[in-house]
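So, here come the structures, one by one.
Both complexes shown next keep subunit A, but they swap its partner, so subunit B is in the first and subunit C is in the second.
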Partner chain A sequence: MSTRTAAPTSPVTISTRVDKVGRRPKVMRGIRAFAVIVITIIALLPVVWMIMTSLKSPSDVVAVPPKIIFKPSIESFIFLVTERVQFASPQEAAEYKARDDLKWYEEKVAQRGQKITRVGDFPKQLRNSFIIAGTSTIFSVLFGVLSAYAFSRFKIPGEGDLLFFILSTRMLPPVAVTIPIFLMYRELGLDNTYFGLILLYTTFNLSFSVWLLKGFIDEIPKEYEEAALVDGYTRLQAFRKVVLPQAVTGIAATTVFCFIFAWNEYAFAAMLTSDATRTAPPSIPSIQGVGRIEWETIAAASLVFLIPVVIVTFALRKHLLRGVTFGAIRKG
Partner chain B sequence: MATIELVNVEKKFGASFAVKPMNMTIYNGEFVVLLGPSGCGKTTTLRMISGLEAVTDGQILFDGKEVTWLHPSDRDIAFVFQFFALYSHMTARENIAFPLQAQGESKENIRKRVEEVAKMLRIEHLLSARPGGLSGGDQQRVALARALVRRPAAFLMDEPLGALDAEFRESMRAEIKRLHIEQNATTVYVTHDQIEAMAMGDRVVVMSAAVVQQNGTPAEVYHDPANLFVAKFIGSPGMNLIRGHYADGKVALPGDSYYAVPTDWQAAIHEVIGRAGDVILGFRPEAAHISENGPIATTVYTSDLHGSYTMLHLELNRDTIVDVRAGRGTSYPIGTPARFDLDPAMVRFFDPKTEAAIHKGGNQ
Partner chain C sequence: MSSYNQPARRRHIGDKRLIQMFVIPTVLLLILMNVFPLIYSLYLSFTEYSAINPTAPKWVGLDNYRQVLSDNLYWHNFAVTGRYALISVSLQMIVGFSLAMLLKEKFKGSGILTTLILIPMMLSPAVVGAFWKNIFNPSFGIFDQMLGYSDPNTAPEWLGNPNLALWAVVIVDVWMWSPFVMLLSLAGLSAIPDYLYEAAAIDRASAWFQFRRITLPQVMPLLLIAVLFRTIEAFKQFDLVMGLTGGGPALLEGRQAVNVTETVSVRLFRLAMPPQAQTGLSSAMAYVVLVIIIAISNLYIRSLNKIREG
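Now for the complex of A and B:
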């Protein structure tokens, strides 16, 4: 079989082209499925453990060996949203329990020898997180899409240098600048304000958002806007009616990433906020139990904290799947 | 519909010209094709007419009114793009209605006009589909409908058939031509496909290297090319161009053949190159006919059967091969000698120094 012939000497009946070879054998697919299942378990285990812990009663939480099967309870969530004190004496406890105007959750807490004094800080902290992460995400994406469009479509003097400068703000871990930022913020009176953290998170996210969105907008053929321009629209109208709907995938992906960063940020939130503006991340590890460390309350807080990210990601998942593979899609 | 005038219009990118100063008038209702290889400046010219690209100098007039610095949306033109530029987030109907919405037309009016134009292009049944689900031909029909619906002063088309399959291209070519005739719409059409240009244009403007090489009817650019570039670029294959030495009314060709120049050409040749000198003989493949007594001796290099005719590639010598059209009846085995003669009405001559055509009626 060493000789090469210029042309087939007999009719071609068997093709050796790889794309015509049959599907992979079943064994391979089995191995793949197994690997996927293992990775899924490893990824989900901590979350499952957290959900289980949050549903355990105080005694089940510390049981050794850990209980896999237990009687679920929602005490931890009551603990999470309340501030409580221990009864000073058995007498006070008996009196308190004897009252007939107790709500169901007050009774549940009373059974643990505690009395609810007021609503806890966590709901407020969660609200702060929403305000700060939400607003900064909106700003990051809004400014990001505008400047990405400008970088993508117009000839800007020093464009490459500007883009590099924007990227360079991410070359340093943000924590490295905590001290200067802390001092600056204190001088400017921006510490412990919503505006301060929104500004900070927007700044951190903007470089990322500009770069990511520029990639997406580059993929949109400029003929789309040109068609709108000759059809009688101004550039701004063309941007709104043509570019934005086409860039929705990129905007969704960028929104999720920016939101996750701002929502999860810990170090600056811990340093620059206190009571009034404190966000959820720094407050979760500092949840004070009454008389002990309330692991189930911490787990419940983490679970509640996780839910918005899951919702945002889930709502935008269709765009995300296309978004993270954007480099592979040809324009046109 | 409008008459479009370009007066010394030029486009520079940095120091290099994308389009050297050009003058051109596209008359009301005319179908003008800008033809040339890629990078010759034809698309830039079209974009300058549309206003999507700013001129670096010169003026553009629509019906005598200066529009050089008007925004594209104020020029009342429609542009058809090679890749359709249909908005994938809108249905075909919304796409077609888009330009009318910009003009603030009433909903009722928009619906009526969209349906009218859809009927004309036979795409009524596709109006609720999204562009992603349509074939290339149907997408381009929707794009044409979007251009037509506004009844603009001029249509500008940038290789509108370039992205289509060969079968669609032929039928769309006929459709566009028919539309043009029915609408009597001033149209500027850019293409690199010379067959398309010849088939569609009232006038063909051949461009190369940022310069207009020739501006004429399809017959003119085909039969009387202004220079070697046009001669070679138009036609498939292009014109045969053989360099030879002219003296005493004869051209000495490679391979020791002599071609007797028709007497009516001799004066013009004398005027340009003198009594003797190098000249380029040009002829189309169909201007030659094989004959035993033909003055030009060759051997068959190879031959292709094209169905209705045979294209022979004949070797004058090792460096010179010409394409000659012959009937399909006879077979021409490789290596056999063949002689051919030329139709005296269809030979052309070029000056090798300037590459320009020599004109029988006198040269400036």
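Now for the complex of A and C:
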């Protein structure tokens, strides 16, 4: 039964575990796979429900009992990108609806007795999110890769304490840190500016980026650089031409993580931004409908906002473990 | 020999400057954006000051701390946070670890299923809160429907009922973060060397014995990391509550109305922001929270370091 009686001189490469032979494990595997599929479906149900809600018409959204089968509509997405007003009287609405110069989306909205007044705030908030998350990510990764390289390759006095300090800043509750930052920003005129939030997100992600990148750079053999140095490269050249190309995967993973954190961030944004610079996360929960809570609009906004994150999760799947443990654990 | 040493020494000096160039921006940024604000707010925590008032901060000593530590309402916030952290983290550990046990042995398609299960963890808590609000709605939401309540009049109102609201937050949090525990547990499980189980099987050890004596001790370090990290995050809980309940609903407790899902961070936010804008008092409260979180973080980073080195 056991294959472990092989002579020590010929190492067993494929070990057959005694407890893995026979029919029972196979049946167990089937049961396990089934359980996992059921759990995955349950786990994704809320997201599926959100997608369904975003495709419902206003009356289907509040149907009791909730509708599983319905006629899909894209009204919610029109609602999402527009600012609308309700007509004061049905007569006025009918007059407007009768006009023949209406665009297709204006007609859709007119059927709800509403008129589009201007482009909504959501596109702008999404753009703010992109600008702020994108720019801060570039800086976090840039400063991060430099520091990570230094920490990885050189003996720095007080290195342990310094790294400890860097990571501990990441643990601070945003709400506690924001009170003084708010006052500081007001003094400097940085509140409600792109620069202010970019600076804050850069710092917020920097500790993460240093730790994660240090893990990646630690894995690049020192010998490569040493060979380059012997060949007459300066340290900076060796860093640029040998280390950076080797660290591309790590840098890419770090970039995506930093972007997601900044993209999802709520607390700082809620306290330090208003109209002009407001990002999407604090806006979505407070989407106001015209005369009612527009659940389909909230769902549409959530969907648009979450799609990039879901795509990126797949791209990152090999690095997720590393990412969530600050680079401490490499392999699963 | 000396001429051979020359370039090496020059390079050494270059290295020193390089280190400075590479590390100083990071350290400066962290000092400017983290250390300085914390020192500033430490000062503010000893003063009576409101950010929306032109009056300068007035030194009041330990008054703010006395108020935070003696007022029942603040204790209520800490109690809510503690209860929430305990329940939520325990459930996440159970669900996450069980999931990992199911996924430990790879089968066809297990990779893609694992990634799909991990999706909730990557989403923005505030946005998650916003759409779960719809899911929890007793009449047109899907949650009560799935539980078998078809009549909206008798269906539990998760977010409006003071006895259920904290559980609603826990449910969403467990949905979001059990995958995190699963991910760490999987890493721990896959690192257990096969020969341990082989030896146990040869000795005819029972499955339960193997689990208790091999599996559990081997994944323990990673489970500990998961517990610490999730506890820190639970103590900081803010976004999800804001998106889901906004801290409410209120419950009459004795003669005081308390908000049943108002965690310390939510309270801090309300205290610090206008219209209340009690900057001094909120700074003191922030410091109490900071001390707790720094203590847990300390343990966390220590165990991370142990794993890095080990």
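In this text, the second predicted complex is superposed on the first by the 284 of 332 C-alpha atoms of A that agree within 3 Å, B and C clash if a C-alpha of one lies under 4 Å from a C-alpha of the other, contacts with A are read in each partner's own complex, and residues count from 1 in each chain.
By our rule, a residue touches a chain if its C-beta (ideal position, glycine included) is under 8 Å from a C-beta of that chain, and two chains touch if they have at least 3 such contacts.
Because the structure is predicted, anything quoted here is derived from the model rather than measured.
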Item to complete: Check the residue A:S73 against both partner chains and state whether it touches subunit B (first), subunit C (second), both, or neither.
Response: neither
Item to complete: Using the superposition on chain A described above, determine whether A:S302 touches subunit B (first), subunit C (second), both, or neither.
Response: second
Item to complete: Applying the touch criterion given at the start, work out whether A:Y224 contacts subunit B, subunit C, both or neither, answering first, second, both or neither.
Response: first
Fill in: Touch count on subunit A, higher of subunit B and subunit C
C
Worksheet item: Taking the superposition as given, does A:M184 touch the first partner, subunit B, the second, subunit C, both, or neither?
Response: second
Worksheet item: Which partner does A:T234 contact after superposing on A: first (subunit B), second (subunit C), both, neither?
Response: both
Discussion item. Quick check on the superposed pair: does A:F151 touch subunit B, subunit C, both, or neither? Answer first, second, both or neither.
Written reply: second
Discussion item. Quick check on the superposed pair: does A:N192 touch subunit B, subunit C, both, or neither? Answer first, second, both or neither.
Written reply: neither
Discussion item. Once chain A of both complexes is superposed, is A:Q246 in touch with subunit B (first), subunit C (second), both, or neither?
Written reply: first
Fill in: Shared subunit A contacts, counted only where both subunit B and subunit C touch the same residue
229, 234, 332
Worksheet item: Which residues of subunit C touch subunit A in their complex?
Response: 11, 14-15, 18-19, 21-23, 25-27, 29-30, 32-34, 36-38, 40-41, 44, 51, 99, 102-103, 105, 107-111, 113-127, 129-135, 139-142, 145, 150, 152, 175, 179-180, 183-184, 186-187, 190-191, 194-195, 197-198, 201-202, 222, 225, 229, 232, 235-236, 238-239, 242-243, 265, 268-269, 272-273, 279, 282-283, 286-287, 289-290, 293-294, 297-298, 300-301, 304-305, 307-308
Worksheet, complete the sentence: Residue positions on subunit B within touch of subunit A in the complex are 50-52, 71-73, 75, 77-79, 81, 83, 85, 87-89, 98-99, 102-103, 146, 150, 156
Item to complete: Using the touch rule from the top, collect the residues of subunit A that touch subunit B in their complex.
Response: 221, 223-224, 226-234, 237, 241-242, 245-246, 248, 332
Discussion item. Looking at the complex, which residues from subunit A come into contact with subunit C?
Written reply: 2, 4, 15, 17-19, 29, 32-33, 35-37, 39-40, 43-47, 49-50, 53, 61-66, 143-144, 146-147, 149-151, 154, 156, 162, 164-169, 171-184, 186, 199-200, 202-203, 206-207, 210, 229, 234-236, 260, 263-267, 270-271, 280-282, 284-285, 287, 295, 298-299, 301-302, 305-306, 309-310, 312-314, 317, 320-321, 324-326, 328-329, 331-332
